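In the two complexes below, subunit A is the common chain; its partner is subunit B in one and subunit C in the other.
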Partner chain A sequence: MFKKIFYGIVVLLAILLPLFVGPYYLHLMVLTGIYCLLVLGLNIIMGYTGPASLAQASFYGIGAYTSAILTTRLGLSFWIAMPLSVLLIIIISVFLGVITLRLVSHYFAIATFGLCEIIFIVMDNWVPVTNGPSGIHDIKPPETINLFPLSLIDLSSRVHYYYFVLFFVILTVVFTVYLLRSRMGRAFVAIREDEELARAEGIYVMKYKVYAFVISAIIAAVSGSLFAHYLQFITPGMFTIFESLNLVIVLLIGGSGTIAGPILGSLINVLIPEIFNILPEIRMVIYGFFVILFIVFLPEGLVGFGKKLLSAEFLKNITRKLNLVPAAD
Partner chain B sequence: MKIFEVRNLSKSFGGLQAVSDVSFDLSQGEILGIIGPNGSGKTTLFNLITNFIPPDEGEIHWKGADITGLRTDIIAQMGIVRTFQLTRVFPRLDLQENLAIGHHLRYAGKIKNLEESISKSIELLLNFFNLQDRRKILASNLPYGERKKLAMGLALSAGPELLLEDEPAAGLNQVETEEMGNVIRKLQSQGITQILVDHDMKFIMGLCDRIICLNFGRKIAEGAPREIQQNEEVIQVYLGEQDAD
Partner chain C sequence: MSQFIQQLVNGLVIGSIYGLVALGITMSFGLMGIVNFAHGMFIIIAAFFTYYLVTLYGINFFFASLLAIVATGIIGFIIERYTFRYARQDPINGLMISIGLIYIIENGATVLFGPENKIIAPVFTGTISLGEIIFANQRIFVFIVSCLLMAFFYLFIKKAKLGKAMRAVSENDYAAVLMGIPIDAVIGLAFVIGCFLAAAAGIALGSLFIVTPHTASKPLMKAFVIITLGGFGSIRGAFIAAFIIGVADSFAAGYISLAWADIFSYIIFILILIFTPKGILGEGK
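Moving on to the complex of A and B:
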């Protein structure tokens, strides 16, 4: 009950945001939104199914590059390019997933690490297609659709783009909620909690791991397209293993396996350096410190911590103050 | 025709022969007990039957079909479910969610009525084990006895026709052991075939129609509880069989 009100307020604030902030912070929020999508995607394979995937930034990059190449080199419309990049990512991630997901978690992480490096090398060196280290610079924002009322939307405007991204974020959150309640979602969670037990209960583990992997990749690819057409230039250096690692860290700090976690984590990821005026390098040191702290004391991240605070103590204080008899446990 | 047949099952790990040429069969609704000292291959046998570990040799037939080496989840789909010696549940989920996962195999489609019938099934299971008031408690927070009940409930959610129970009475006190015994009898009356592995002799002797004794991976005796209790080799293997405690 409280949850719904809380989320409602958050969504409302998000919708009203452009009224309150200037272009610079709006820009940050667009990037945060795109980042949030990435983390939500990672959450599905890592938070809900289990294995830590270090390939998320690669799928992000492939989505970005495919969309960019299809629009700048082949002159396709964004609205065709993005679905095509999703299609490509499905093919790639099914193939890669079937190969790597056989591996036990630590080896899977290493394998996805390797994948990430390989894909980076391809981006960096396949000059005729990707233009190598210089990247692609002439990406246009998505074309306006000539159909009323969609023709009112001008995605070269930062405000409009913000809502565009927000739309996808909300869509992904709603999707995640429904996924969790579905048979597939339950299978994911079962696999995370105890893979062998899941198997004994009749769950075809490999199949579901691949599904989770592919879903995460699709979300990453969509983020990639959104990113490419917002920033209007991309380079391979934006899609390295460090990005993948950063995503994993953000998910862990925010709260893996929750819905609020990725959102909170993304906000922290962007806002902390801004608020405290920290260099990106120092941010990594601080993150490292917090990750160790969190893994040891707060495995469920900030959101898990928040839940603990809210449940036990909050209730105790309230019942004490109002002189109510505590409910039977 | 016997509903379940195991023929010449063997498995070795490196030089160690864990299960050696074991054969037996079961009729529907029977309760078979498997006893033997620690390390005699009882749990390995369960692992082989459900293909958690593939057998080196031998065949397993269920309802006439050869299920040897099939994927574990498919074997579960065909009706054979097991529990684990070290009680396994889904730790960070509450009882209700645990049992919901257990019903994975029962989802045939996405009909609304299906969700309801699964909810009802979960209710029935909770009531069966007297856990209805504990449904929102996290599995990892359950006391041992309740966790064992949950593990049994998880196995039952999958709708098994053959249930392999690995030490269902381990660590339970007198009352809990009796309750578990009642559960097993009730399941038998519902037509479920069961194989029990346990060390509590009174428990096993009181429940099982037939008993097999393993030692060093070999079957050394088979028969009704009376016969097994008087079998010399069995007695020797246990160094003077423990009296009912």
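Moving on to the complex of A and C:
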């Protein structure tokens, strides 16, 4: 009950947000939303199923590039280009997943690291298609659909785009919640907890890992497509291995394997740099220190730490330590 | 023909530098199970140290290199003691810590030293020419020193008591503790030795090419390709793979194109991970 009210308040706040903040912060919130989608996607493979994928930024990049190329070169509508980019990502991720998911633990991480590098090199050097390092410019925002209730939505406006992204974030969260209750979601968690045991229980581990990989890639492609049409220009430098690594860090700081973790993590990732408005390099140094402190002291992430703080056992221990409650015996 | 030999020689030189980096990563992987992406940062630290000592303070190159290598070792020791030691149980956490370190060191170096290209003045100038083939003296020097360091390292791991202890920890750390090996100290030392090698690689790179705070990423990624090709944790494998990758790279850059050259090594890398994850010698874990 308490939880439901809390989430209701969060959603309400997110909906009312454009009333309170100026255009710049709304811009940041749109970026947060897009980032949040990416991390929610990563959460499905890394947080719930286990393998740490470093290819998330590549799927994000492929989604963004496909959608951008289809709309700028072939003149397709965004509403056709986005599903097509999702379709492409399904094909690519099934293929790559079947190949790489046979590897376990950090071998998988290293293999996806290689994939990410390969895809970056292709984006950076395949000049006739991707326009090389200078990237693609003048990507149009999504067109308005001429159908009555939808024709009111004008996605070239920032407020409308904010709601558009928010819609996808809420959709992904709801999807994740229902996924976890389904047979597939339970299989994911079983694989994360103990792969051997899951196999012994009769779960087809490889199949479910590929499913998780593909789902996370689809979410990344949607996010990439939203990103390309929001920012209206993309360059290969936005989809490097460092972006992948950053996504993993954001997930771990927020708390992997939780719903609130990715949201909290991406909020922190976008907003903290803006609040500490200092040289980007110094900011990154501070960020690096925080990452290490988090891994060493709070490996369960902020959400996990919050849960621990609120758990009955911890409160009891604290009160006992502070001598607020006399010991039972 | 002369271009062929020229590329081959360049490949061997660059391969020997990659090899130094790869051995360090192999050590931290074999002993701690940590994929240390931050290993390349020791390259930058040592290169900048040497650059400043040589250029600003006019210290002799050899003495400056020695100081830089020792300083890098000390920094490495501190890093191992206060960060990686806490991540030994969980390899993914080790990976994350190394990313945090990359953020700190790469950006810290940009703030402290600036993003400009720097070059360490080479000790040996001039060239030797054999027919049409030209060898720069500095390159020959780098190649010989790198090979000597690797050979020394190999002998150390195989013969010295400490080296044997390191191999024992990498085989089975629990059994090593039971045999009375102080594993914290052994792992710390192994990490520091890895830092020494990376520092030597950094100085070599700085004296042949240029140094910027972002120099480290390429040799680092090559080093990962190398340890995969050689088999994870296999020192002999890394040694051989370093030269293969160095030469292959040099040929790909010379005959195909510089931009697309990298993609071949990554494709090889993934194919090896999938089909022969034990590496070319089959010694990997």
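By our rule, the second predicted complex is superposed on the first by the 305 of 329 C-alpha atoms of A that agree within 3 Å, B and C clash if a C-alpha of one lies under 4 Å from a C-alpha of the other, contacts with A are read in each partner's own complex, and residues count from 1 in each chain.
Convention: a contact is a pair of C-beta atoms (placed from the backbone, for glycine too) under 8 Å apart; a residue touches a chain by one contact, two chains touch by 3 or more.
Bear in mind that the values here come from a model prediction, so they are computed numbers and not experimental data.
Colleague: In the overlaid three-chain picture, which partner chain does A:Pro83 touch, first (subunit B) or second (subunit C), both, or neither?
Modeller: Neither: A:Pro83 stays clear of subunit B and subunit C.
Colleague: Would you sort A:Ile295 into first (subunit B), second (subunit C), both or neither based on which partner it touches?
Modeller: second
Colleague: Going by the touch definition up top, name the partner, subunit B or subunit C, that contacts more of subunit A.
Modeller: The partner with more contacted residues on subunit A is C.
Colleague: Would you tell me the residues on subunit A in contact with subunit B in one complex that are also in contact with subunit C in the other?
Modeller: Of subunit A, no residue contacts subunit B in one complex and subunit C in the other.
Colleague: Touching residues of subunit C toward subunit A in the complex: what are they?
Modeller: Its residues touching subunit A are 33, 35, 37, 83, 86-87, 90-93, 95-97, 99-108, 110-111, 221, 224-225, 228, 232, 259-260, 262-263, 266-267, 269-270, 273-274, 277.
Colleague: Name, in rising order, each residue of subunit A that touches subunit C in their complex.
Modeller: So the residues of subunit A in touch with subunit C come to 52, 99-100, 102-103, 105-107, 109-111, 113-115, 117-118, 121-122, 124-125, 245, 248-249, 252, 279-282, 284-285, 287-292, 295-296, 299.
Colleague: Taking the touch rule as given, give the residues of subunit B at its contact with subunit A in the complex, in rising order.
Modeller: 50, 52, 71-74, 76-77, 81-82, 84, 88-93, 97, 100-102, 104-105, 107, 110, 154-155, 157-158
Colleague: Across the complex, what residues on subunit A touch subunit B?
Modeller: Spelled out, the residues of subunit A in touch with subunit B are 183, 186-187, 189-190, 193-194, 196-205.
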